[in-house]
Amino acid sequence: MEETEAKTCEGGDAHYWYHGDKDAIVRRLKRIEGQVRGLQRMVDDDKYCIDILTQISAVNRGLQAAAVNLLEGHLAHCVADAQTSGDAQEAEAKVKEASAAVARLLRS
Amino acid sequence: MEETEAKTCEGGDAHYWYHGDKDAIVRRLKRIEGQVRGLQRMVDDDKYCIDILTQISAVNRGLQAAAVNLLEGHLAHCVADAQTSGDAQEAEAKVKEASAAVARLLRS
Amino acid sequence: MEETEAKTCEGGDAHYWYHGDKDAIVRRLKRIEGQVRGLQRMVDDDKYCIDILTQISAVNRGLQAAAVNLLEGHLAHCVADAQTSGDAQEAEAKVKEASAAVARLLRS
Amino acid sequence: MEETEAKTCEGGDAHYWYHGDKDAIVRRLKRIEGQVRGLQRMVDDDKYCIDILTQISAVNRGLQAAAVNLLEGHLAHCVADAQTSGDAQEAEAKVKEASAAVARLLRS
């Protein structure tokens, strides 16, 4: 693992693992943004509450799919980089951080 | 319960229970839309995956708060209308429908 | 609504709405208890983590089905009783209480 | 990573990563089992539905804490083993498998 790539997982302006998937993730988020705008129209148009709730469930599922997508890339790149770096403390920190992110998603 | 009010809970262009709360709900959804646009910027700006996941959790919580808000109004108006209408079948149908919507939210 | 039935929704030793469904709910909870004991055996027998996680998801789904079942009965009986009682404050309190319970389930 | 240890992450009767944490995880699951038995008593004793729903939320949170615990160990051991093994296909498979398990937990 060369230094530049390792750095990308620390943040900063470097090329992230999801650089390649960026377009797909942004497209997915744009679709979710459109769905949230659709929710506003549903309320504006006095649509039936239950239909709005059903649509909120769909948006939540879309966000969770995006989250799992990001998590998968994070495990495959940033966490893997830490684990192959030989720095056990850094590897443990990355795993704890990813697990805490999952715990937050589960509570949300 | 007069017919017109009962009809409002069926959909159509009538005044919904959330007519009064409409502005608050739309404002909340606009804030969520802004957060989803923020997520796109985070990906575009190569922000750290974990920070994006944390922000997704926040958006999910916002959507769930909106859902509970809508559900509360639905129970207080549409379901209550059905239950005070004396039509037991309609009352049961409304309760089943609301419970199914909660089940969908729980799975999302 | 006669007093005795209204009281049952306040708690105490009265006959609850789920009196009739009690056996079904207890049976479901017994099955969930058996699944949790199965989880302990899986850990004891060094089963694969992912299989244990899959089984935890199944137990969670079982608990949520039980929760939706209880909620449905609660809306159909306790909340309906409050809404047909003509006591608007009590009706509002019951709806708020049920919505708060849903919010807790969504965060868990 | 010697072969035997790598094998432990595939299942079988070998020593798992959670061998050391086994007692803690089993203790946690025993506590959850006790809570589920408590739920049965609550239904048997005609406790108030909302109190039972609150307790179901607590059991769900306990199960999710156990799940995050198992996931953290799985990432730190089984997934890490695959990632340091140099077998890119195996590493990718492990990451996909763990992400799919998280997706199942999020939907439950």
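Lettered A, B, C and D in written order, each chain numbered from 1.
One rule holds for everything that comes next: contacts are C-beta pairs under 8 Å (C-beta built on N, C-alpha and C of every residue); 3 or more make two chains touch, one makes a residue touch a chain.
Please read all numbers here as calculations on a predicted model, not as lab measurements.
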Checklist entry - Would the interface of chain C with chain D count as same or different, where same needs over half of all numbers used to appear in both copies? => result same
Next on the checklist: Using C-alpha centres only, name the chain that sits farthest from chain A.
Outcome noted: C
Item to check | Selected interface, B-C versus A-C, where C-beta contact pairs are more numerous | outcome: B-C
Checklist entry - How many Å are there between the centre of chain A and the centre of chain C, using C-alpha atoms for each centre? => result 32
Checklist outcome for this item: dist(centroid_CA(chain C), centroid_CA(chain D)) in Å evaluates to 23
Item to check | Whole-Å gap between the CA centroids of chain B and chain C | outcome: 22
Item to check | Multi-partner residues of chain A (at least 2 other chains) | outcome: 61, 64, 67, 71, 98, 105, 107-108
Checklist outcome for this item: Listed in rising order, chain B residues that touch chain C in their complex are 61, 64-65, 67-68, 71-72, 75-76, 79-80, 83-84, 91-92, 95-96, 98-99, 102-103, 105-107
Next on the checklist: Applying the document's contact rule, which stretches of chain D touch chain B when the two form their complex?
Outcome noted: 107-108
Checklist outcome for this item: Within their complex, chain D touches chain C through residues 8-19, 22, 25-26, 29-30, 32-33, 36-37, 39-40, 43-44, 46-54, 56-61, 63-64, 66-67, 70-71, 73-74, 78, 97-98, 101, 104-105, 107-108
